[in-house]
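Next come the structures, one after another.
In what comes next, subunit A is part of two complexes: it sits with subunit B in the first one and with subunit C in the second one.
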Partner chain A sequence: MKWRRVRAITVKEALQIVRDPRSLMIALLIPVLQMFLLGYGISLDVKHLPLCIYDRDNTTQSHDLLHHFSASPYFDVQAELHNYADIGRNLDAGACRLAIVIPTGFSKGLADNAGGTVQALVDATDTNTASLAANYARVVIAGYSAQVQLDAIQSRGGQMQTVTPVDVRARVWFNEDLISRNFIIPGVVAMVMAIVGSQLSSLTIAREWERGTMELLISTPVQPMELMVGKLLPYFVVGMLDACICLALAVFWFEVPFRGTLIALFVTTGLFLLVVLCIGYYVSVAIRSQVGASQVALLLTMLPTTLLSGFSFPIDQMPPLVQGVTYLVSGRYYVTLLKALFLKGAPWSELAVPILCLSVYAAVMVVLAARAFRKTLD
Partner chain B sequence: MSEATANSIQAPQIMVEDLVKRFGDFIAVNRVSFSVHRGEIMGFLGPNGAGKSTLLRVLCGLLHPNAGRAMVAGIDVAQDPEAVRRRIGYMSQKFSLYNDMSVVENLRFFGGVYGVSRRDMQDRLRFAVDMAGLSGREDSLVGTLAGGWKQRLALGAAILHKPAILFLDEPTSGVDPSSRRRFWELIHSLGEEGVSVLVSTHYMDEAEYCNRIALINHGKLIALGTPQELKQHTLDGQLLELSGARISDALATLSRSTGMHNVAMFGSTLHALVDDAALRIPGLQAQLCAEGYAEITIRRIEPSLEDSFVQWVGGNK
Partner chain C sequence: MWGRVYQLLIKEFLQLKRDKSARFRLFIPPLIQMLLFGYAATFEVFNVATVVLDQDHTQESRALVDAFVHSSRFQIVAATGTRKQVQDAVDSSTAQLGIVVPQGFSELLRKGQSAPLQVLVDGTNSNTALIALGYVGVVSGTYGQTYALDLAQRTGRALGAPMVNVTLQERYWYNPNLNSRWFFVPGLIGTLCLVSIVNLTAFAIVREREVGTLEQILVTPIQPIEFILGKTIPFFLIGLVEVSLIAILGMLWFQVPFRGNPLVLLLGTSLFLLCTLAIGLLISTVCKTQQQAFASNFFVLNPMFILSGFSFPISSMPELLQWLTYLDPLRYFLVIIRATYLKGVGIGVVWPQMLGLATLGFVLFAFAVLRLRKSLD
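Moving on, here comes the complex of A and B:
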């Protein structure tokens, strides 16, 4: 490999990037846009769920319970209904996701120490939201029953601090929207890097074919490895700029705590960027059209990073076969590393294995991408 | 021209033997053989699709030949295309420089990939810019240049590294006549410096600038020689030009005349190939007169390359 030739190609590619400021702006703005869209858009927290209530008991106690619901940030009471048919209509129309029915005799049950029952009707078309809604409802009701117990003990002259219902605390993390975001943002960074990296490099070889400059380029003594290194270097710089933007947004805007070291962060990010750049380059070599290459590169990087990296779905809950497949997804290692760095501040000893995996992955992709290119028109 | 002097002056710079290139069932180059010497300008003449570009691409190592042998600068192209690429310059048929880069940026890039040393670069850049007549426009984006300038710049980029052999694929297509003339002057000066040039064209008039011409049709080499040789020896007879009113109607009659080898439309005139011009002109005039073509004039002309090409292609069918 001759550095003279690598340098010539790098300078040429960098010039072409600079000459096309629109694409450069897109390359730098899209990550910001994606960070905001995905950072705010993807949230495991559910707030302001529309709620309908049907109070058949209509006593102080039932009013007290319903007050707990309306005071909760997770529910917005939409309507007070007076029969089951109306509940069905409201659920069907999507006017409410959850309906709480307090049966007659609710307060009597409480007073008799027999316990009161409450019916919750959930719209489960979106199972995730439905289970969250049911959980939130349980939390609210648990809070209410804790208060009832407290009142009962107090009225018998017992001590206040002895009563602390354990099961209520177990659900508390759902209430803290910050925790969910901290968990998601590192994954969003990985996704944005996968998209940007592969998109940048997927155009580079296809563009030479489309513009007719490839024939002359391959008639020169330039070597496939020189061509790849020369072409990817400027995109690596752009990609690292994007990474800095994303990571800065994660820390300073979304206020995700960062507990690891910067050097570890940049080493892992550089490795992951190298992997996705090589995937994009490989696709660009194989598919000689810019549109086609960018589509395929998007599918090959964004999809696995979204679905199989452990970013949106926990890997240990996947079927064993799919779990096996995730080892082939570079995003898996990067997401693991990012979460370890951001949330845990894990030491090098814990990072070593995923970093090694990502390094091997990068080395294999570099070789594959460089060898894919053949200097021939055949 | 260090590579050129490394080889013996007598040894051909390009030697092609029974070269075959197929694309599926289509034979683009069919058992072609020829050789080109140092400083020689050899033209490939033939219609579009004759196989000229394919042949040049095989010689540049861009396409792998199916059979036969192609030696460029003493190296077998199929065995070591990289070694060949270091010694050649190539201008592809389609303009292949970067339109979004300036004149100097393009030249620097090609100088870099051809490994022109940093010490020589400034001199070579100056030379290429002067040769292309682009002094003062060094920083213009290539996309804004007119066709003739683009082509000269592409030639400049191809010779930055002082190759011993140049392959030019229709370098003057789409270029105005005065630019074409200037371009050929450049090619000639390169030839005088000892560069072997293989240039393809479908302009008949351009072919006359070459030292030797290879006529190519349907992938086959159908004739090879100097322009003069091709014109003299390929035509078996003497050429007459017939012009006048309703000349095309006379074609059928004339083809049956005695001593007539061939007659064909040639623009708005007829070209007739006869065994002996002096002997046949009076007879033809009488024949045409008798059939009512009184206003037709007949004169003997020197054959052009196009005549011999038509003749060769006709005989080849």
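Moving on, here comes the complex of A and C:
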């Protein structure tokens, strides 16, 4: 490998990047767009759920219970309905996500000390929102229940306070306020790196083939390895620039806590970038059309990084076979590392294994990519 | 006119037929995504890895731990001896949840006082943590209630009257078992269709421009409108085939129920395809190279995907973004898809979404045709 030739290719590639300011702008804008979109657009926190009520009891007690719902920040009371058919229509049309039905005789049951049951009809098309909504409804009902008990005791002249027999005292670690943004943003960094890395490199060889400049390139004394290093070097720089933009936005704009060390962060980011660049390059060599290469490269990098890395869906909830597949996804290691660095501030001893896995992955990909290109025309 | 359109159609299909890798890319990626989403995308929380520390060692504390063991939501990975071990387990991610029954737990319970149960949660994934905490509350709440009732009966302390309790009985409509797959798989029809059709349309024209064959076409007697028709009709048909494939696979393989009228879905799909074709055409008018087209697609498609409500509820977004979602055709289409699939409702319910799609489709298409005519002339 001659550095002189590597440098020549690097300069050529860098010039191509610089002289196409639009593409460069795009490469630098992608992280900004992604961070803002996902940072603001993705939230699984549920608030202000549209709620319908159907009060068949219509007494002071039932009004009181419904007041608990309208006072809760989790629900917005949309309409008061008067029959089940209306509830069906509202749920069908998506006008409300949840309908609370208070049965006739509710207050009588309370007066007789028999207790009462409130019905919740939940639109479960969106399963996550549905289960969260039911949870919150349970909390509201529990609050009301406690108040009824307290009132009952006081009306009997009792002094005793109501007691929750088992009092759960939860401490949350790493993401103390359970803000979903704090767990999503580090994942977005991985996603952006996967997109930018693969999209930059996947076009690089295919473009030469499509434009017919490949014959020219093959006729030069450049060696396959030199070509790869020379072509990927400028993109590596652009990628790291993107990483800096992402990280700065994450820490300063979205105020995601960063508890690890910067060195660890840049080492892992560099390794991951190397992996995706090599995947993109490999695809670019294998598929000689730009459209095809970019599409396949995205499929191989962005999709698994989004779905199989633990970024949005917890890996331990997947079927065992799919869990096995996640070990083949480089994003899995990178996302683990990012979360450990951002939220946990984990020590090197804990980072060692995923970093090692990522390094092995990178080494294999470099070898594969380097061997892919042959200096032949067919 | 139709003769020339027909010739162009033949050309497009021949091109597709002879391009093996293009055919491959048309159907394999959607298939892979479908399988990935069907198997990997789940918000359900089962078997949360849990460590338990019982410092009380009484019948009561063991019964409570048993209640956690027997719930399908928790999987006890280890019973530890010290508080430090619990913290280490959560720290090293071997467990997501640590439950500590402190000493004196049963004593307080027996006295009828509130007994604390300490819980340590890894909040890295806030959604899972929140749901897991909810289940901890349910398990310990049920245990506590039963115990208190039992105690009251044994000691006769509650002679006055039993405690009144209000309970919630919830019923989940449309998806009674809260199966995440039923939520994601129908949605994929919209997202996959969006990505592949916009890409196909945009690249089809940009490639001709980049390679130089566009000029060849323009010297033929073909009219701009004929050219546009010839370029869009094949992709419209491909879109329909793709949607049917995904829909059939979803029903047969993943057993997602289809409760509505297929014709409603067909109408929705056609209107949605109109939007995607228009977006593809518009992108092709502003891009000279395929690389630019690729980047533009990304900039357009990604926001559309995120703002559509495919996986993240629109109602949880900031208000400004919520307004923006009204410009997203995928938003309307997803409502139509999910309504026909799971709710089984018809045009009477989803007409506002149909109207939204139709308006967006015609405006975008008219705009695209105007721009394209200018760039072709």
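Please note the rule applied: the second predicted complex is superposed on the first by the 342 of 378 C-alpha atoms of A that agree within 3 Å, B and C clash if a C-alpha of one lies under 4 Å from a C-alpha of the other, contacts with A are read in each partner's own complex, and residues count from 1 in each chain.
Just so we're on the same page, contacts are C-beta pairs under 8 Å (C-beta built on N, C-alpha and C of every residue); 3 or more make two chains touch, one makes a residue touch a chain.
What you are looking at is a predicted structure, and each value in this text was computed from that prediction instead of being measured.
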item	value
Side-by-side fit of subunit B and subunit C on subunit A, or clash	fit
First, second, both or neither for A:372, with subunit B first and subunit C second	neither
Subunit B versus subunit C as contact partner of A:118, first or second or both or neither	second
Which of subunit B and subunit C A:23 touches, first, second, both or neither	second
Partner chain in contact with A:241 - subunit B first, subunit C second, else both or neither	neither
Partner chain(s) touched by A:79 [first = subunit B, second = subunit C, both, neither]	neither
Partner chain in contact with A:212 - subunit B first, subunit C second, else both or neither	first
Of subunit B and subunit C, the chain that contacts the larger number of subunit A residues	C
Least C-alpha distance (whole Å) that remains between subunit C and subunit B when both complexes are overlaid	14
Touching both subunit C and subunit B, counted on subunit A across the two superposed complexes	20
Touching residues (chain side subunit B, partner subunit A) in the complex	57, 60-64, 81-82, 85-86, 88, 90-92, 94-101, 105, 108-115
Residues on subunit A engaged by subunit C in the complex (per definition of touch)	20, 22-23, 26-27, 29-30, 33-34, 37-38, 40-50, 65, 91-94, 110, 113-132, 134-135, 137-138, 141-142, 144-145, 148-149, 152, 156, 158, 163-176, 178-180, 182-183, 195, 199, 203, 207, 210, 287, 289-292, 294-296, 299, 303-304, 307-308, 310, 312-314, 316-319, 321-322, 339, 343-344, 346, 350
Complex interface listing, subunit A residues touching subunit B	2, 4-5, 7-9, 11-12, 15-16, 19-20, 211-223, 375-378
In the complex with subunit A, residue positions of subunit C that touch it	21-22, 25, 29, 32-33, 36-37, 39-47, 49, 64, 90-92, 96, 109, 112-131, 133-134, 136-138, 140-141, 143-145, 147-148, 160-176, 178-180, 182-183, 199, 203, 207, 210-211, 290-292, 294-295, 298-299, 302-303, 306-307, 311-313, 315-318, 321, 335, 338-339, 342-343, 345, 349
